[in-house]
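Below, chain A partners chain B and then partners chain C, in two separate complexes.
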Partner chain A sequence: MNVMEHLPALIIAIPLLAAFLTPLVDKISKKVRNAVVFIALAATFILTIFLVQDVFENGIMIYVMGASNPTQTIPMQAAVPIRIVLEIDGLSAFMALISVLIALIGLIYSFSHVEERGGKFYTLFLLMLVGMLGMELTGDLFNLFVFLEIASIASAALITYEFKRGSTTEAALKYIVISSIAALFVLFAIGLLYGEYDLLNMAAIAKAIKITGLSNIDMIALILFFAAFAMKAGAAPMHMWMPDAYGEAPGAVSMVLIAVTQASLYALLRVCFTIYADSLHVVIPAAIIIFGLISIFIGVTMALIQDDIKRLIAYAAVAEVGYILLAIGVGLYGVLNNEVELYARKALQGGIFHIFNDILDIGLLFLVAGGIIYITKERNLNKLGGLAHSMKYTSILFLIGLAAVAGLPPMNGFASKIMIYESVYKVSPILSIVAILASIIMLAIFVKIFHSVFTGPKISEQKDVPKLMLASMIILAALIIFFGLFPDIIINNIVNPAVNALIENAAYISNVMG
Partner chain B sequence: MLIKTVGGYWDPIVWIVAFIVIAIIAYIIRAFGKREYKGGEQTKPFLSGVEEPSKEKVHVRASNIYWGFIEALKGYYDYMKRMHSGVVNDYVAWFVGVAAIMFVVMFAAVII
Partner chain C sequence: MIYNLPFLTVVALIAIGMYAIIFKRNLIKIAVGITILESGVNLFLITLGYREGGVAPIFTNLPPGISPDQIPEKMVLPVPQALTLTSIVIGVAVLALILSFTINIYRKYGTLDAGKIRRLKE
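On to the complex of A and B.
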């Protein structure tokens, strides 16, 4: 068997098998369980690197599930794709890489404190990753729905895992209710498109829409997709579930939940840029820009008044999603108006780069917050203080995360934000002004946390976080600094292929449809 | 290291070099100051002759930071707190409401 040929299937299958193996191995030994989970995730990460390398070198990769020839998308007796097709272009590869990377870091963090009922935790953790990866690699709409559900159910269960408080259970319940309604929207939209075209494959539907033009049914499906994925991505004013879910979940889960949110953002990109593409009305990019602005504004202003450390970071995460939406909206607007080279390409580069930076920066802050709660058993900023006396490394790592999220040079957050500021300025200077002002408020917000938690007189004697927690935070901080100093490496090698995949959607269609 | 933006470019290494140069200049200027100024009564905060309270008493707590800003935007924050009610029904209502507005705007835009 040629492993390289089956990479897309293996990347989903390995964590899926490990997920169901974990509770069994857990009965034998905790150490063996941890080893199995780590090996499975490390193997998935290595295979994902091979996949990404292959896609960036040789172009789109196709894998047809269950077919004797995994590249034969259309069976001999059929005219359209029937089987589930995994289709990996630059964007899918980019998303898969950051999802697995962040899950691996989250896993290392979790090893330090997840012992009790760990079998269940790691099963759900791996299933959450499977859901994300499935969403990002599939080329089939119904398959996307299935993986969306897997990710949502696993996430909801993980939110309640660590803290046994009423508000934690409530947050998970809210998450599953709102996710289920979004999933129903998606299912209904898929049903509409299937009823119209007898197709589930994204490339085939994109081709059909291109040929027949945008019908009323297509428009209804588009709005259902748009609302559902925008809500799942955390776009304001549909973001209210995010502070609840992120705020109550364990630190590592909050970080990986960002990647789950970004997977929904990926689905939104896929719908807009690949399935509907040129048929889109300019209202859609305008709506994405408006959602972006509202998210930025509500995110930063609501973060300012929070006293719960994790809820505060969660609102900052809403604002960060706003920056991504703003850039993507401007990019889509430019693509539809044939102004790709003028500003759209740079806006999309900034937006896609910011997806990566958002996960790293907010992820690091969530890990630090998780560490603080783990050590002090306290999450109220009014009751914390002086921790820099005893948690020196953690406070330095928080400072790095703070600088990155606020977009201070030379951090990675600055590199992506300056690309966003300058490109959105071409559409309207007001967009840039709002984005820059919000960034200043963001700095003020994190100064508030740093002042409240780390400075001031020592309240009680505390030790620093466990070594594995610290190690995972250091990995994130190192990535933040590295990609801040060398942003060209990630832009040239990972971001640009993803942006090209968005702009040149014809290749995605022709690889399946011929 | 260098990335091109719409209006120019961003090079973090150039920024770091500039930062170091400025920091050195600032340090040199600072070194011109009188050494004997450091320490003593003159460096303590002057509170109209009142003795400085202990650090524990003057540490500003999180909810008091930016009090003026929050007070100035009281109307906005009152509305936002009502909006973020924490009730799942409200979350669903916002979601469905936004979808409904999208339907109206999208179809109206296409018809126009």
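On to the complex of A and C.
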């Protein structure tokens, strides 16, 4: 068996197998369980790197589930794809790489303190990863719905992992209600498209829409998809579940939840750029830009008044999603108006790069906040203080995350934000002004946290965080600084293939439909 | 008209479900609303695949009285039914999760009124 040929299936299958193996191994011993989970995730990570390398070198990769020849998309005696097709282009590969990397870092972090009910924790953790990867690798709409539900169910259960605090269940209930409504919207839209075209494959539907033009049913389906995925991606004013879920989830789960959110963002991009593509009306990019602006505004203003450290970072995460939406909306607007080279390519580069930077920056802050809560058992900013005396490394790492989120020059946040500012300025200067002002407020907010948590007289004697926690934070901080110092390497090698996949959607269709 | 009846039912079910989710404050009623919404979507999928007088798509076990040249008109496409089954299974899992959350919330807060469950606000 040629392993390279079956990479896409293995990447989904290995964590899925390990997820259901974990509760069994947990009965034997905790160490074996941790080893199994880590080996499964590390193997997935290595396979994903192979996959990403292959996709970036040889173009789109196709895998047909259950076919004797995994690259034969259309079976003999049929005119359309019938089996489930996994289709990995530059964007899917980019998102899969982020998801697995973040899950691996989150796992190292969780090893340091998750002991009680650990078997369940790691099962759900791996299932969440399976959901994300499935959404990102699949080329089939119904499959997308199934993996969306897997990711939602696993994340909702993880949010309420510390169920003894009632508020975690409250957040999880909000999350699962929003998720299931969004998923049912998606299913209804899939039903509409299926009724019209008899197709479930994304590439085949994209081709059908291209040939027949946009019908009314397509438009209803588009609005349902858009509403559902924007809701799941946390675009304000549909963001209300996000601060609760991020704020109440335990340590690393908050960080991995950002990756789940971004998988929904990926689905939104796939629907807009690949399935509907040129038949979109300009209203859609305009709506994305407006959602982006509202998210930035609500994110920073609500973050200003928070007392709970994790809720505050969660609102900053809402604002970061706003930046991505702003850049993506401007990019889509440029693509529809045939102004790709003028500003759309740069806006998309900035937006896609910011997807990676957002998860690194906010992820690092969530990990630091999780460490502080783990050590001090205190979440309220007014009751924390003077931690820099005992937690030297953590405070330095927090400073790095702070500078990155606020977009200060040597960090990665600056590298992507400057691209967003430059490109959105060409559409309207107001967009740039709002984005820059929000960044400044963000700096003020995080300086306030740093001041109230780390500086001041020593309140009590504390240890520093456990070593594995520190290790995972240092990996993130190293990536942040590396991305900030050498943004060209990242943009040329991993961002550009994703941007090209968005702009040139014809390849996505022709690889399946021949 | 009579053929549109299932689609009208779909609209009614989705409307009732959305109404319950948006306007009802009792968590159990919200869970019921989600279930009704899901039934509406499932009914929509199953209606899409309906064919009057259709037979199961099994070539080796055709009912008597159907000649092979009638097969294209008579056989039902199995995909919508497979989708519906999958969706029902997922729906059960989601409903179980929502109800277990509701139980835990009742234990911690002593109420099921969504208006009073507000420790996380702003």
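Simple rule for what comes next: the second predicted complex is superposed on the first by the 513 of 514 C-alpha atoms of A that agree within 3 Å, B and C clash if a C-alpha of one lies under 4 Å from a C-alpha of the other, contacts with A are read in each partner's own complex, and residues count from 1 in each chain.
We take it that a contact is a pair of C-beta atoms (placed from the backbone, for glycine too) under 8 Å apart; a residue touches a chain by one contact, two chains touch by 3 or more.
Computed from a predicted structure; not experimentally measured.
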Inset, instruction - Identify the partner contact of A:178: answer first if only chain B is touched, second if only chain C is, both if each is, neither if none is. - result: first
Inset, instruction - Could you tell me if A:89 is touching chain B, chain C, both of them or neither one (first, second, both, neither)? - result: neither
Legend entry - chain C versus chain B, contacts on chain A by residue: B
Inset, instruction - Would you sort A:305 into first (chain B), second (chain C), both or neither based on which partner it touches? - result: both
Inset, instruction - For A:146, select first, second, both or neither according to whether it touches chain B, chain C, the two together, or no partner. - result: second
Inset, instruction - Kindly classify A:162 by the partners it touches after superposition: chain B alone (first), chain C alone (second), both, or neither? - result: neither
Inset, instruction - Report for A:320: first if it touches chain B alone, second if chain C alone, otherwise both or neither. - result: neither
Legend entry - Touched partner set for A:244, first chain B, second chain C, both or neither: both
Inset, instruction - Starting from the residues of chain A touching chain B, keep only those that also touch chain C in the other complex, and list them. - result: 173, 177, 181, 243-244, 302, 305
Legend entry - For the chain A and chain B complex, residues of the former touching the latter: 173-174, 177-178, 181-182, 185, 219-220, 222-224, 226-227, 230-231, 237-238, 240-241, 243-244, 281-284, 287, 298, 301-302, 304-305, 307, 343, 346, 381-382, 384-385, 409-410, 414-415, 418-419, 422-423, 425-426, 444, 448-449, 451-452, 455-457, 484-488, 491
Inset, instruction - Note which residues of chain B are touching chain A in the complex, please. - result: 1-8, 10, 12-13, 15-16, 54-56, 59-63, 65-66, 69-70, 73, 76-77, 80, 83-84, 86, 88, 90-92, 94-96, 98-99, 102-103, 105-107, 109-110
Legend entry - Touching residues (chain side chain A, partner chain C) in the complex: 142, 145-146, 149, 152-153, 156-157, 160, 163, 166-167, 169-173, 176-177, 180-181, 183-184, 187-188, 190-191, 194-195, 198, 200, 243-244, 247-248, 302, 305-306, 311
Legend entry - Of all residues in chain C, those that touch chain A in their complex: 14, 21, 27, 30, 34, 37-38, 41, 44-45, 48, 77, 79-80, 83, 86-87, 90, 93-94, 97-98, 101-102, 104-105, 107-109, 117, 119-120, 122
